[in-house]
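Chain nomenclature is as follows: A, B, C and D, assigned in order of appearance, with residue numbering initiated at 1 for each chain independently.
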Amino acid sequence: MTSNLNLRHAIYWALFAGLLFAMPYLVSKGDLRTMIFALYVGIFAMSWDFLSGRTGYISFGHPFLIGIGAYATAILSYRFDVPVMFSIPLAVIITMVASTMFILPALRIKGSYFALVTLAFMELMYQLVQVIRPDLTGGTRGISGVETITRGAVNGFYLAAFLAFCVALFLWLLTRTRLGAAQSAIGMDEEALKGSGINATKLKLFTFVVSAAVAGLGGAFYVHYLGSIAPRAIFDINFVFTIIVAALLGGAGTITGPLFGAFFLTFLLEYLRPWLPGAERYLIYGGVALVLYMYQPKGMYAIAAKLRAGVMK
Amino acid sequence: MTILALDGLVKRFGGLTATNQFSADVTEGESLGLIGPNGAGKTTIFSLIMGEHRLNEGAIRLKGEAIQDLPTHARIQRGVARTYQVPRPFAEMTVAENIRVGLTPDSIMAMIFGSSNAAEELALAEAVGFEAADLDRLPNELSMGDLRKLELARTLATGAKVVLLDEVFAGLTVGEIAQISELINEKRRSGMTFVIVSHDLRSLEPLIDRAVAMTAGSVIAEGAYADVIADKQVRDSYLGA
Amino acid sequence: MISPLKTLTGAAAIALAASAVTADIKVGFIGSMSSDTGLSTLRGAEIAIEELNAAGGVLGGQKIELVTADTREDVTEGVKAYEYLAESEEVDFIISGSIDDVSLGWLPRMIEYQIPTLDTWTSYIGIIDMVVENPDDMKPYFMNIASDEALATLYINFGADVLKAQMGFESVVILAEDTAFGQAITGLVTEALAPVAGIEVKDTIIYDINTVDFAPLFSKAQESGADFIYQVSSVNSQVISSQYVKLQVPMAMTGVNVSALGLEYWEDTGGAGGGISTLSPIPSVGFELDPASQAFVDTYQAKYTSRPVMPHFNGFNAYQGLKQAFAAAEEAGGFKDVNGWNAAMSKQDLKLMKDDKLWLRYGFWDRDTVEPVTNRTYPQNALFDLEAPYDFAQPSMVVIQWKEDGNVGVVYPPEYATTDFTLPSWVPAK
Amino acid sequence: MLQIIIQGLLLSGLYALIAVGFTLIFSVGRVLNLAYGAYLMLGGYAFFYVSQTLGMPKLLGVVAAVAVGVIAGLMKHRFIVKPLKGDMVPVEIATLILAVVLQSAVVLMFGDSSKILHSIIPGVVQVGTVSVPYSNVFAMIVSWTVLIALYLFIRKTHLGRAMQAVSMDQKGAAISGVNPDHVNMMVWGISGGLGALGGVFFASYTQLYPAMWVAPLIIAVAVVIVGGIGSIIGTLIVAHIIGFMEVMTTSLIAPELRGVFTMALIIIVLVVSPKGLFGREEIH
């Protein structure tokens, strides 16, 4: 595991941690708030990337996993007064179990069909949350007044930054191992991977469950940051859009790329606000995303790599 | 001693019977040539052995153990692996990384906590004729001969004792054919078992101990290469094709 | 149609102009900036601010600047918008044209920042319940529209006085959307219709808000054998009403239809909305205005030419509410002292008269007063009166009806009525 | 019973029309067009603008809607599909982004509030106890006409067979003298036109609103997944299964569960038979 790691990587990660730690001293509280959102979107994008960016199994229903985690902890803590320190781990476990139950039958589905079935799961979830036990889920209005675990921008930022840092480091370390190579191999040629003696189904299942755990963890902390949850805010194709585009603009399959993609997208949207408070903002935002994506589908990671290669020469 | 026993294999695709009561035994350490015209069903036999197609009838035994109900990866772990007619490298991985996937154990824990063995990768690469400098090359920089070598290396990396080679000479230059043949012979001497499919009978002959000829999914002749090739039915099948 | 480019340059110009003025007091608007309801609140606030600034400013001559944050009616965007107003713009006061779940989304932020906030659109009783349960946390919050429970309660009287007494309807089938709002209203109405209004509930049909084709639902309603349909629809309400008209369902339909609350309803439905009646918060379309409210509408119409041509009720609420918020701030020495502001705001009381009769009253219930009809308290919620002759405050709502010729008028209560309740031409009289 | 049959037939016809343009692209272009719903939105708004805002004849509105759809389809092919070389995943992502962009554009031009279209043909006919608006009958007749015409077009004409050939095998078709690029372009255009036409009818059933591209996309996805990619007959049959299922759920079971069964059906069919009930990936 350690053979792929070197001092250079350790320095990068330490710098990253240091930057996050220093951030509240460097920027305004408003920017810090924006960063909290960017960090959560980043966690979701990394979760998406761990599954879809490497294996090529595109999830169009990632909010489905995030929503299970978020709803689980919201219901446990709000309706049943379970302390947050228990409800969040429980929510992660519930997300993992639920994702396993849902994914087992879907494992044989490939390509666009997989994307569609995840989209269908999300839509199904959206409808079920409103219909089944609205006394628990709060129906269409959702639940407001969920316990928030931090007060103030600085604390919220440190919590989100800590989470995002841990998730990024954890997933990055995983992908540096032979597991990461095998995952990439799924995306390149699943048959050939089986032909190398590896149980691709088990690997996919593991990847999916890890991705679900991260999504559930992110979703659980996210709802305790927001303080409220509503089906429209979670099981929404625009949310899918944000997650996927963040991952792709950052650079699919790179784990840290999606985190930066999330920052880019969130700040693009926030910095347009004073100039374009209305609907124009989303037009520009979507347009920029589309042009960037068309120009470089591999994302900013690839652009940065190109630039670096250019400088090196 | 028989290492791989194929017993009455039947495979139907819809109305088409691709494999019809195919039986053959492969002895440990031998090299068996599987010959027959286009569409005879040779590749299907490989796919059946590897579990890429499901068998309709019959049994496949590896070292006496019935493996026909096992998934592909489990069969490989028991010691049989194949190469493809069109090589299938992992396109965005280097030569070393491709070999590494073959060496990777099928255990999530081992994948995460074990470490890759660069020396072993180099040894395998060199065993098929690569040099240390080739390890960082990507598949799109490789010739067809190199791709076949890479696939062979990845297949050997799985630790297979029985190796199925599909159209191993297709698309190769004369020099590359010689190189690959040399490699196979070397492995034969070390006790590895081969089943080889090739259209290029002339290149195949020196690599095999014995031949099985098939047409329309069934065995029509087997024995020493010269005898099989002299068989009237075999000659007719090739002419007919 | 406005060209996007023009809007863009226009918006940029406004943004530049706005940032050039150095402001002393900042008011934040939170709400959808492209919906009629959101715009109503925004424009009501704009007019109030202009008038306050023109009159020499507030809190010792300071000028008010308005900053806006679009929610797109999206919950998460609403939270971000609130944070933007609070942290980046550091506003002193927030006026909201948010829908229910968006308000519920940013409420935890309001509790955290304790910025005085006035909601002009959402009428969700659940929020008033939060005020009852957590009075300290909810100090900065005021809602100056009667909450939905009060709306539904008065509606029962309409059932007794008009539907039963006048039209002779004995039974009803409830057709309600599958939302929390739908459930709340349905529950209240179902419980009260039979005992209070003497109308039997034959069946309750809950439908999915994304329903494409309402024909099977109307068939089901007809099969119930009820005399009329009671509709509860706040989301996609145009769809059910226009299909009712297009299918010419031979039953009367009344109830809650949120889409019919604006003057653009007729244009947006292409006329497929005749005969629809709905309860409406006030002031509403078809409502006779007192001179003060009329003056506001005149200013509004002189200033804005794009839709909504007539502000929705929340535009009035924003206009009066913002002025009251500043009056309270004058008294409390600004917005920083939330307790002081809350006390001063609670005491705000504006009575608008028409023909020497109390017509509209902008004030709030206090913590302890129990409303006699519903027998509960409504702290920090707009004052309303559930019993004729409405000499305490205006009724919590009126019933309006769109006629088939495109006219709209108030049909209930009689004190405020401008026209009679009638059946659509294709519905046979009972 | 009569009511279920009539209402089921009307709704199913609409669903079939909505789904068929989606399946064409999936089968010939080999990509999921997640911006397909945007054609419906564009078509609906174009119709609204021409016939209701400008007050021109409704037929002109329909023509304008279809024209806008065709142009949108062609532009999508030229500026998104071609530059991305028709790669499945990038095209799916890019079309998703495009749909969101178009939604913002519609908000900007027409505002957030929803709009109801005039009946294309005003009036209703009473069949027994069932009210049937002429507009819905018209929508069903047009849907069937378009589907039959499309079926015949693919089966009987040279161009249609070229489309079939491309859907089976791009390279093979190229060898036999068909230019897959031209065929693809044409299919994107046709799909755009069909989507926009579907949008006019969909909006005249329901309403125009900026997020209206999601619901028909889900319907199209459901119909196409269950029916199998590229099967026009399968599309027609499954549109009827889903349409009737909705009507029956509404009339007989619980109206609030309307969408749940559709989603469950998608998931079950995908898991049991990933290629759909009427399999095959080429158009037929």
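Remarks
By our rule, contacts are C-beta pairs under 8 Å (C-beta built on N, C-alpha and C of every residue); 3 or more make two chains touch, one makes a residue touch a chain.
Not measured: the values here are computed from a predicted model.
Path length between subunit B and subunit D in the touching-chain graph (shortest route): 2. Averaging C-alpha coordinates per chain places the centre of subunit A 42 Å away from that of subunit B. Rounded to a whole number, the gap between the C-alpha centres of subunit B and subunit C is 75 angstrom. The mean-CA centres of subunit A and subunit C are about 37 angstrom from one another, to the nearest whole unit.
Listed for subunit D are residues 105, 107-108, 112, 256-257, 259, each touching two or more other chains. The set of subunit C residues touching two or more other chains comprises 4, 7, 34, 72, 178, 208. Residue positions of subunit B touching 2 or more other chains: none. Judged by the touch criterion defined above, the protein chains form a pattern that is neither an open path, a ring nor a star, and not fully connected either.
All chain pairs in contact, by the document's touch criterion: A-B, A-C, A-D, C-D.
Across the complex, subunit A is touched by residues 26, 31-32, 34, 79-80, 83-84, 88-90, 92-94, 96-98, 100-101, 103-105, 107-108, 112, 214, 218, 221-222, 225, 256-257, 259-260, 263-264, 266-267, 270-271, 274 of subunit D. Those residues of subunit B that touch subunit A in the complex are listed here as 50, 52, 71-74, 76-77, 81-82, 84, 88-93, 97, 100-102, 104, 106, 108, 111-116, 118, 154-155, 157-159. Residues 4, 7-8, 11-12, 15, 19, 33-34, 68-70, 72, 74-76, 79-80, 83-84, 87-89, 100-101, 104-105, 107-109, 112, 124, 126, 130, 178-181, 183, 208-209, 235 of subunit C are the ones touching subunit A in the complex. On the subunit C side of its complex with subunit D, the touching residues are 1-2, 4, 7, 32, 34-36, 38, 72-73, 178, 205-208, 210-213, 215-220, 222, 236, 238-239, 242-243, 246-250, 259, 262, 264, 268-273, 307.
Remark: subunit A residues 1-3, 174, 177-179, 181-182, 184-185, 188-189, 191-203, 206 touch subunit B in the complex.
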